[in-house]
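The following pair of complexes shares a single chain, chain A, combined with chain B in the former and chain C in the latter.
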Partner chain A sequence: MRWRLWLLMAPALALLLAVFAVPLLHYLWLSTQAQSVLTGLLPEPIGAQQWLRLWNDSRFWQDTWQTLRFSAASVSLEMLLGLAIALLLDQPLRGRGVLRTISLLPWALPTTVMALGWRWIFNDPYGPINRLVAGLGLPAIPFLSNPAITWMAAVGADTWKTTPFVALLLLAGLQAIPADLYEAAALEGATPWQSLRRITLPLLTPYLLIALLFRLAQALGVFDLIQVLTGGGPAGSTESLALYAYLNAMRFLDFGYSATLLLGSFAILLVLCGAAALLWRGNSRLQGALR
Partner chain B sequence: MARLLLLLWSLGPMLWQLVSSLRTSDALSGLASGGWTLEHYRQLLQGDPPFLTYLLNSAVVGVCSTALTLALAVPCAYALTRIGRRQARSLTLLVAAAAAFPAVLLFLALLELARDWHLANQLLALSLPYAGLCLPLAILLLQAAFADIPIELEEAALIEGMGLWQRLRWVLLPLLAPAMASSALLVFLFSWNEYPIALTWLSRTELLTLAPAMARIAGSSVYTIPYGAFAAATVLGSAPLIALMLLFQRQIISGLTQGAIKG
Partner chain C sequence: MSSSTPAGFMGLELCALSRQVGSHTLVDQLSLQVAPGEILALLGPSGCGKSSTLRLIAGLDRASSGEIRLGGRVITALAPAERQVAMVFQSYALFPHLSVERNLSLGMELRGLAKAEIQHQLEQVLALMQLEGLRQRKPAELSGGQRQRVALARALIRRPALFLLDEPMSNLDAQLRDNLRAELRTLLRSTGVPVVYVTHDQHEAMGLADRIAVLREGRLQQLGTAETLYRDPTNRFVARFLGSPSINLIERGEEQLGLRPELLELAEAGSPVPQGWEALEGELSHREWLGDRVISHVHCPGQASLKVLSREAPADGALQLRWRQAHALRFEARSGKRLPGSGAAHPS
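Right after this comes the complex of A and B.
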């Protein structure tokens, strides 16, 4: 009986291993091999040299910083806006269902499609924002050509696309909170702000953390948006780790170093998401102890 | 007021694309006011290959990936709910971690797999990595749905002498329909939108799916100010998805929330 259950799982598990585990193990091996134009695209063992190169690669560290900056900004914006939208959609309003569907639309669009759309919206001087700015008599904003601004434009486009996902998740969390908790709090004379802080947020914590973990992992791997919206520019100021790894493989044909970069990105992801998960554990233990 | 803001925030950028796609290039660059045209759509639809090819390719890959994902995920999810708590827990944890993993980090190894197995430039072969990447979410969703079915139901069928296959087909699957619909829609959305793998697996223009085709349009400089064509492409590229969302919003929303919460 038992072996039959394993047999049922076997095809799915095999494909999962092929798609997730094999690539990561392959990278581990490839990161110790030089495989580039210089070696005729054949692997040659070179030990830890590429890891040293990674450590001394200023472009890697710059991209790490840029990826972290992008992730921190967009994820925190998405969490805040997502919470606000979820609270709004949780109110018994007219047309709530329609509003919920419409607000989810940006999430469903392909990233490359909407990135192309945003390129036009951010256009200088013909995009709608700059037309508005010009109408006010202000100088045009060089959204896509000024390194100090372009990364924020990317954050804006990402926030537009993924906030609905966060909002939807948090809305599900809000709807799981029993209404009589709020009624009891109101009877005790709690202000809306107090019931938000003392009831809503604590009970929403698991949902907030799931959304945070998921969004953080996705943001740290940002690729589609950057590649189409800015191509990593201007002057590499929006290049992400994934884009750098992609360029190494597909443009510089340096597969060994690309694998090293991908593993490096994975390590960063693991550390950050691991830290977030540990924080969650510590937090729930603390709350358990207080109770 | 807040509702209006939300509407504007969600729909504004899309409406701007729609309006832009219908304006003449001169009107877009402010040279002339007024001027409406279907020229940008005509260019896209008569392009080489016509834009509809990309949509069709995406649809084919989407349907194929969805079927493959469900065929693998349903038996796996069933077994996970029957295999005993300890093993199921650790397996589920791994699956949940895989569900959050950013797929782009896998592109290089998957590309080498495609080369070794001669899968590059084969449209249907894309379903393999897509199904693999979607399996975690589908398994989590279906596992939660299986767990909600009372075990007595299956025991009764067992007493009736139904085999495993019959029990799945006649007792469990009908009850699983909503969760299967949700997973199917999410898988379809994923494969419709997936970019890095399609970008590296496909090089022949007539095989491109929508996402890499959009990027190629973005990179082309055939037009002086090609934003009318860009806008028309974004409209045509998102219209099928918007239709899908409006038709199946219930299933998509329940799939999204269930998938994240149960996992």
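Right after this comes the complex of A and C.
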């Protein structure tokens, strides 16, 4: 019986090994090598030196902080807005189908395309926002040239793009809640606010956690949006870990250190997503109750 | 019907209640009364408007026209919570994330009752419904029968002025349903408030309710005790809906004769027909043995298969089917309307 189970799982396992385990192990090996222009792009074993370098690399820690800040801000905003939009789209409105489709459009756009769009919107002084600001007689906002503002601009663009994804996931969760639960609560005298707090949110928790898990994993690995919108600037103030690893590999041709950086950010992602997954598992009893 | 209500009637009254959705009439000019302590069953096939009526009474849907009164007060426009009604949903609508205890107490918490009062009422209802051992369970960890008890308990703890039940038995297996009927009836009667019970199951309606309202396409067909509906139906629809096995309809030109299976007798083929009786010659097609009775399916030329309920099984082959003329209910074949003067001598 046992071996047959393994046999049936073999194709999926083989795929997982090929696309996850093998690259990961290769990177682990690579992080113990010096492979850069200095070594003629040939691997030379150097033990834990790359890891020491990472530990002492202030740019790594700065990028870690920036990535976490970006992720925390954009994921919380997306969860809040996504929930609000999902609640709205769950109402029996006229033209709800059209609204749902429209609300999904930002998500359907390729990130590079939308990032170029936002770069123009944020342009100083010719972008539409600054045209408006200038029209009001106010000084232009340096969206992409002031470190204190630029990371927020990136958060804004990411929120614009990814909120629909969260909204869609949460909408599916809302629609899985039977209508008669609300009716039973209404008969008991529940106000809409009480219904939301006592019924909707507890029953939506598994979906909120799934959305959180997905979004966290994506946001911590953010690359394309930052690359196109700011290129990591100004002064590296929006550089993410993924972008730094990319620069090391593709610009500085330092493959050994790039692999170490990727593994470092992978560890951070693993810890955070692991925490979210633990939350989700604690909630799985509730999940079972829903079925 | 409503005009004859005495002033100050303390039960539930529906007066020409209607609900239209688009061009579709779900409930059509429905008028009836339910006295305090009385159980009224709304009976009909699916789509007859019985659940729609219940939702109107509960306030979950808005009436297009007509009036609902409860305890002499017009409640047509009130919000569900203000009507002080308790409802047991077909799905039970228990909150899946809350324990039995919290399912029962949530309403009281929402209404802002004191903790001690909530605890007191909770203990009372848990004891009454024998749910003490299940208080910490989640609905998913309960059997169908237990869930129903929790749903009933949640309705009872509401101390309602009106009790509504929407097919509360339909998710239980047949045996449990039979056992619960008497228990549920006692429980509902003990509340002393009007009870409206929606079902599509005639046995449930007859076994539970004091009176039955038969609905069809949103219109009231007949309202009365189970016995009245069975013996003296106003039309073919009611006659066919009640009784098992169902009533035989014998084609006779513009008319149909309605004869209950127990009022048909079997005799030897070609026997002389006594005075005041009528007969058809036919052939036995098959028998259903029920234990104490037998249902004989008889084929007569020009008729649908006719059912005869008797104590003894007839022999195979040709036989005569006969009945007292006075027992036959006469219906207009096309409209199904009951023709006056028929079925007067129905035995009691």
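Following the convention adopted for this analysis, the second predicted complex is superposed on the first by the 264 of 291 C-alpha atoms of A that agree within 3 Å, B and C clash if a C-alpha of one lies under 4 Å from a C-alpha of the other, contacts with A are read in each partner's own complex, and residues count from 1 in each chain.
Throughout what follows, contacts are C-beta pairs under 8 Å (C-beta built on N, C-alpha and C of every residue); 3 or more make two chains touch, one makes a residue touch a chain.
Since the model is a prediction, treat every value here as computed from it, not as a measurement.
**Student:** Quick check for you: in the superposed arrangement, does A:183 touch first (chain B), second (chain C), both or neither?
**Tutor:** Touch status of A:183: second partner only.
**Student:** If you stack the two complexes on chain A, which partner ends up touching A:234: first (chain B), second (chain C), both, or neither?
**Tutor:** neither
**Student:** In the superposed arrangement, does A:43 touch chain B (first), chain C (second), both or neither?
**Tutor:** neither
**Student:** For A:147, using the defined touch cut-off, is the partner it touches chain B, chain C, both, or neither? Pick first, second, both or neither.
**Tutor:** neither
**Student:** Mind sorting out which residues of chain A both chain B and chain C touch, each in its own complex?
**Tutor:** No residue sits in both footprints.
**Student:** For the complex, which residues does chain C have touching chain A?
**Tutor:** 58-60, 79-81, 85-87, 89, 91, 93, 95-97, 106-107, 110-111, 138-140, 154, 158
**Student:** Going by the contact rule set out above, which residues of chain A touch chain B in the complex?
**Tutor:** Going by the criterion above, the answer is residues 2, 4-6, 8-9, 11-13, 15-16, 18-20, 22-24, 26-27, 30, 85, 88, 93, 95, 99-106, 108-121, 123, 125-126, 128, 160, 164-165, 168-169, 171-173, 207, 210-211, 213-214, 217-218, 220-221, 223-224, 227-228, 242, 245-246, 249-250, 255, 258-259, 262, 265-266, 269, 273.
**Student:** For chain A, which residues count as touching chain C in their complex?
**Tutor:** 178, 180-181, 183-190, 194, 198-199, 202-203, 285-286, 288-291
**Student:** Report the residues of chain B in contact with chain A in the complex, numbered from low to high.
**Tutor:** 2-3, 6-7, 9-11, 13-14, 16-17, 20, 28-30, 72-73, 75-76, 78-80, 82-83, 95, 98, 100-113, 128-129, 131-133, 135-136, 139, 164, 189, 192-193, 195-196, 200, 210-212, 214-215, 217-218, 225, 227, 230-231, 233-234, 237-238, 241-242, 244-246, 249, 252-253, 256-257, 260-261
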